[in-house]
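Listed after this line are the structures, all set down as structure tokens.
Here subunit A shows up in two complexes: once beside subunit B, once beside subunit C.
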Partner chain A sequence: MNSRTQNSNIFRRWFDGILSNKKALIGTYIILFFIFIAIIGPFFIQSPTEFLGTPLTPPSTKNLFGTNGQGQDVFAQTISGARQTLFVGFTTGILVVIIGALIGGIAGFYGGRIDDILSLIINIFLVMPGLPLMVILASWLPPGPGTLLGVLVLTGWAWNARVIRSQMMTFRNRDFVSAAIVSGEKNIRIILVEIMPRMLSLLASSFIGASIYAIGAQVGLEFLGLGDISTVTWGTNLYWASNDLALLTESWWTFVPTGLSIALVSFSLTLINFGIDEVTNPRLISERLWREKIPRNLIKDGVTPVLKNNE
Partner chain B sequence: MSKSILYLVRRLCFYLIAGFAALTLNFVIPRLMPGDPASIIFARFRGKLKPETIDAMRQSFGLTDEPLLMQYWSYIKGILSGNLGTSIAYFPEPVSEIISSGLFWTIFLAGLSLIIAFSLGTLLGIFIAWNRTGKLDTFLPPVLAFLGAFPYFWLAMLILYIFGFSLNWFPLSHAYGNEVTPGLNLPYIFSVLYHASLPALTMVFVSLGGWLLSMRNTMISTLGADYITFANAKGISSRLIMLRYAARNAILPNLTGFGMALGFVLSGALLTEIIFSYPGQGYLLLQAVKAQDFPLMQGIFMTITFAVLAANWLVDIAILVFDPRTRK
Partner chain C sequence: MNNYLLSIENLSVDYITDTEPVRAVNNISFGIHTGEIFGLVGESGSGKSTVVQAMMRILPPPGLISNGSVRINGEDILSASESNVKKFRWKQISIVMQSALNALNPVLSIREQISDVLKTHKDLVGIDAETRAKELLSLVDIDEDRLNSHPHQLSGGMKQRVVIAIALAIMPPIIIMDEPTTALDVIVEREILAKIIELRKKLNFTILFITHDLNLLLEFADRLAIMKNGRIVEIDDVENIKQGGQHSYTRKLIGSIPSASGSRQEGLLSKPDSLDFPTTPLIEIKNLRKTFQSPGLFNKNKLTAVDDISFKISEGEIVGLVGESGSGKSTIAKLVTRLIRPTSGTIYLNGENKQVTEARNVPLEYRKIVQMVFQDPFGSLNSIHTVYHHLSRPLLRHRLKSKDELFDYIIKMLETVGLSPGEKFADKFPHEMSGGERQRVAIARALSLKPQIIIADEPTSMLDVSIRMDILEIFARMRKENNLTILFITHDLASARYLADRIIVLKNGSIVEEGPSEDLIQSPSNEYTKQLVNAASPGWLETIHKNSDNKEIIDA
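What follows is the complex of A and B.
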């Protein structure tokens, strides 16, 4: 079979599988909702940086989420903050997976001394604490989305590289890879065309995990004041909320909408990852299968029951 | 026995290399930036710095006219003798003294909440994997995953707002009250725990879900293993199977993950400290960022990195105790 049609079958089957899972479906709906808002929302709201009058007015019909300490509309800020935050988050996710797949893939495929060196680098980046490293990097660079992106990628790639490396090592010894090597295919082609499509679930969940990380870390950095505080993002919203003493003035509406949005986005991404895990993780599949086969009243807790093969 | 020592030495070598890499990064980063670090700082402060401060900064970055390799050598020598440079914000106090004043609180708070979250999450994970048709198993994982989706510092804001500002149940800041005298006396210890409870609660809330889920999933796959079925067939009591047979093996991946998560959790702890004005490294980090105090920031990076490396080594020792494969 032609490897391209075979690969497109893998993609189709995979997507059908994921979308049949309830958790993944709910997560997909929520995340699509936020992406939709991030793209078209800013066209329909008033300027988020416009001064409207009295600062720190509670939510009302005039200002749905109230106004913040600068007298700006919190609703408008929440909507327009989504754009840059999600953009930086997902872009980091993509870059992290590409770098992770490249480094982890090479380390796992070639093994030997190349693997020793790359693994050492991966492990060093893994054990270094992220936030302080991001802070010293970001504080030297001019604030903005570019700096955030670079810093997040540099501190976030190692986890994915490690996971992809170990997956690559199990594929390396499979028959189809040996066959491809014997038939004279180039190594880079084997990695990219033969192996990577079979790692789709892993790459997808790596992308989602990296995006969750990137959104959280990005918001944390901006909260510390290391973002461009003149732009409107979810992180700078929280920075201003804390700078304008949201807690002391008991103005909860300045930080609750943004925080809930961040949590909903991360949670929906986590749900998608749960879904992927349930559909593709063989152990969780078998757990689901035996539950379907045994009548509910017979299910007992504890040790997994044994089924005959032909049942 | 010799194999376990070899294992610990190998891990120690890795941490030494990692620590050395962090030292080198710390040295390289300011020098990689466009322009000379001292002039970047000078420009940012727009002449607000006294000449002696600038000289001290050049000194603390080792920015002399010597060749790079010599600068590196004197930098390493300085760090090894505990010299992290001079702070800008708290000029002329040395960075090492400022950091050591807050180090205890960070280790105390982060360590306390990590241990609580890890033990509670692991125990709950064992329990709900065993009773996986129960209500708790359908209810706990999604709720905790939702809590885990919040940024640490945001949940900290919310918890401080509700329990501190609105209900007035807990103190709003600091590590202990003004009325107690530090030392080994009961009012002081009580005050410290009272002040730590809200920040620790925040961190436990956010990180509990991760431990619980990974423990639950490894536990479920362990419960399907043949030796468990065999133990069951032999008629061993289910309590024994749950704890001594399944959980004891399922905990190994969680322990490895514990070391990996240390850095991540510590990052969250730093941000949580800021919200609660807890006098640890996080609070110092915020002051450093606000004042653009580069030597202090880098000092905090070094200290936290070394703390994480040391803690990882302790985790390795724990793995040695739990995993016979490292001992044979």
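What follows is the complex of A and C.
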């Protein structure tokens, strides 16, 4: 009876919170829409790489978003590009959080010599210039989603580890952790069952932040031609649009759908992040709340409002 | 009614929430005469601090004053406009905040903080402000060189005195003191109170004194109001309240004060059948020492928190470890429970020369024998887990109960500590319970392993006065029923003597005196112990207070 009711309770509180939060709800709808399209979309469209004839035809009923410089259907490319882009983005997000939680968590919990060594590694990765390293690694390794994933995780995990480490250090000295130690609980259980759930909001927003970063960086690398240009992703879509001189030929439809999709995904993730912030930190909502309920003419800076004065 | 200097009528304060507003202060009225010390007593959540903040109109939204008036010399603060309110603040009424640490700005010097007030409210700058600032500091017995100091360079007592000096800066007729001594050690607390009484005598201001500590107010207030759940339940002269008061809540508060004077209240606590303990100790601590190394590779600063401590505790004995903050008492608790490793020294358990200090990983068996109850019941329970989880984990870890017996046993444990029916509490989360209930859960968790010794680190200091006695009673009963050994760590000599058979007095990491509770309190030999006993005895302040009144008569 115990473990299940507890978990459902934390998650239910979260779930209820997200559902009642407008920002988070809109963000969730948008991201679910894109995930849905990424999963089932490719089964319903024509091949994105097939040559259809006239290149660079503007949007029409035949080709909803027109065709690109290679005579391929832009609508099909936008939809099938979502799959790999989102997959690499979210997988990077998950891996970054897991590695960050593992290394940062262990460093923060154990402290001492272990912390010294792990912190050194974290710091080395933090001072390494991320962008040049990404470019060099991506151009040196064989192109493909695996390479992208590896490069993004390698350059992205350290910051998360740093944040989780400091959070872990504050939890490490809390009484409830000491109490668990005194009752003989194993360290690994204390970290996973007692402390990690308390960091849920941090982990969730780390995941979202890392995913936004991963999608952006991935598209950037592919745009530079450092991805596998034979696959269809949002990044390669932009790469080809640029290669086919989309701006010079004024064929806006070749890059706007993809660009808009990327912007919308990042926007929705940011909305969810705001929502999580408000759900886990009620102080952010409370001001909006009392401003609605206290008559406006009573609210003055630095003076408590008085509703009725019994003169 | 007009002869009151400060009068509050029908004051109600609400907090706006997403559902119904919460009424924190419910239609209270009282008046304070010129020159009076008026005490407002209440436990946490009674609304006493809200009253103060509403009076000054410094309560930020979502706080909302929904009704009432606050008059100073007949003028109503609540109907005053925004700019007029500023004429009341500090000129008519000033405030000494609860925590001097938070009331002082850490990046400004004392000079800047005092002249800030002088400039804002009195337009005093330059040499005049300087002179006045020095005057103020000398009023509270602080050397004028200290004007250049920053708050972190002052001790807690000095900081509190600076805050008082700032409140006095432009001599308002009324000063509100919101728990001015709560964060301070007993001896310093008495010094501050003596200073306040002396200053009042000299400068003749009126005091509204807010505290949770009824004991304190009984000694020097003139009149008292007792608040509970946002209402004043009783308001009377202090003499009448001393006699026991009219309201049942007042009587409960008075009954819950342990005293360091008179004979130990026999019979109130469950006494063991005999106070002769076995001569072989259950736990023996020998030459324990702990030094903390400041972080950093080249930092050679070391802090010795516990310096060569040795003591023994026999089975079934309750030993009180008394000391002020910084005396190392919590470090000893952590050393004995092996939350931290000692720098040197040994702990022998069960007289069998078992050196538990050597092993890097503490044996599970030791965890079963030695349990701990923490100070803060809000921190020692994990907010995301139920009571059932907290109690079941230790039992499962030590394989004491099978899954089938677990539930019944936990219900039984909860009822042992006074949480009945246990089924009702088992599925609760910490935030659904009061502080006292949480502390009971924490005690039940410690007891559930049937340990031989419990280290209780200030188990009552974060709790409301009216439930402290009940918690102490649980410990006493456990000792009587299960022959439990308890190391009771506290800063409060009175409650240590109430519960403990033997008291060890600690100062700066060393033991200064040790002896049976009664002997130690009746005839302390060490100078420091004498001070502690003095500060804990009622009537100490009363004497000063009375003396200052007498002088007034003589002067007159």
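Note that in this section the second predicted complex is superposed on the first by the 275 of 311 C-alpha atoms of A that agree within 3 Å, B and C clash if a C-alpha of one lies under 4 Å from a C-alpha of the other, contacts with A are read in each partner's own complex, and residues count from 1 in each chain.
By definition in this document, contacts are C-beta pairs under 8 Å (C-beta built on N, C-alpha and C of every residue); 3 or more make two chains touch, one makes a residue touch a chain.
In this text, all values refer to a predicted model and were calculated from it rather than measured experimentally.
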Please work out whether A:Glu278 is in contact with subunit B alone, subunit C alone, both, or neither, and reply first, second, both or neither. neither
Between subunit B and subunit C, whom does A:Thr270 touch in the aligned arrangement: first, second, both, or neither? first
Who does A:Phe223 touch here: subunit B (first), subunit C (second), both, or neither? first
Looking at A:Asp73, would you say it contacts subunit B, subunit C, both, or neither? Reply first, second, both or neither. neither
Once the shared chain is lined up, is A:Leu289 touching subunit B (first), subunit C (second), both, or neither of them? second
Once the structures are superposed on A, label A:Asp115 by its partner contacts, choosing first (subunit B), second (subunit C), both or neither. neither
Once the structures are superposed on A, label A:Ser242 by its partner contacts, choosing first (subunit B), second (subunit C), both or neither. first
When both partners are placed on the shared chain, which of subunit B and subunit C touches more of subunit A: B
First, second, both or neither for A:Arg174, with subunit B first and subunit C second: second
Both partners, subunit B and subunit C, contact subunit A at residues 286-287, 299, 301-304, 306
Contacting residues of subunit C [partner subunit A, same complex]: 9-10, 16-18, 21, 53-54, 57-69, 76, 78-79, 82, 85, 334, 337, 339, 364, 367-368, 370-372, 374-376, 379-386, 388-389, 392-394, 397-398, 427, 429, 442, 445, 449
Contacting residues of subunit B [partner subunit A, same complex]: 14-15, 17-18, 21-22, 25-26, 29-30, 33, 37, 40, 130-134, 145-146, 148-155, 157-158, 160-161, 164-166, 217, 220-221, 223-224, 228-229, 231-232, 238, 241-242, 259-260, 262-264, 266-267, 270-271, 274-275, 285-286, 289-290, 292, 294, 297-298, 300-301, 304-305, 308-309, 312
Residue numbers on subunit A that touch subunit B, as the complex places them: 120, 123-124, 126-133, 135-137, 139-141, 212, 216-217, 219-220, 223-226, 238, 241-242, 246-248, 250, 252, 255-256, 259, 262-267, 270-271, 274, 277, 281, 283-284, 286-287, 299, 301-304, 306
What does subunit A use to touch subunit C in their complex? 1-3, 5-6, 9-10, 174-176, 178-186, 194, 197-198, 285-287, 289-291, 293-294, 298-311
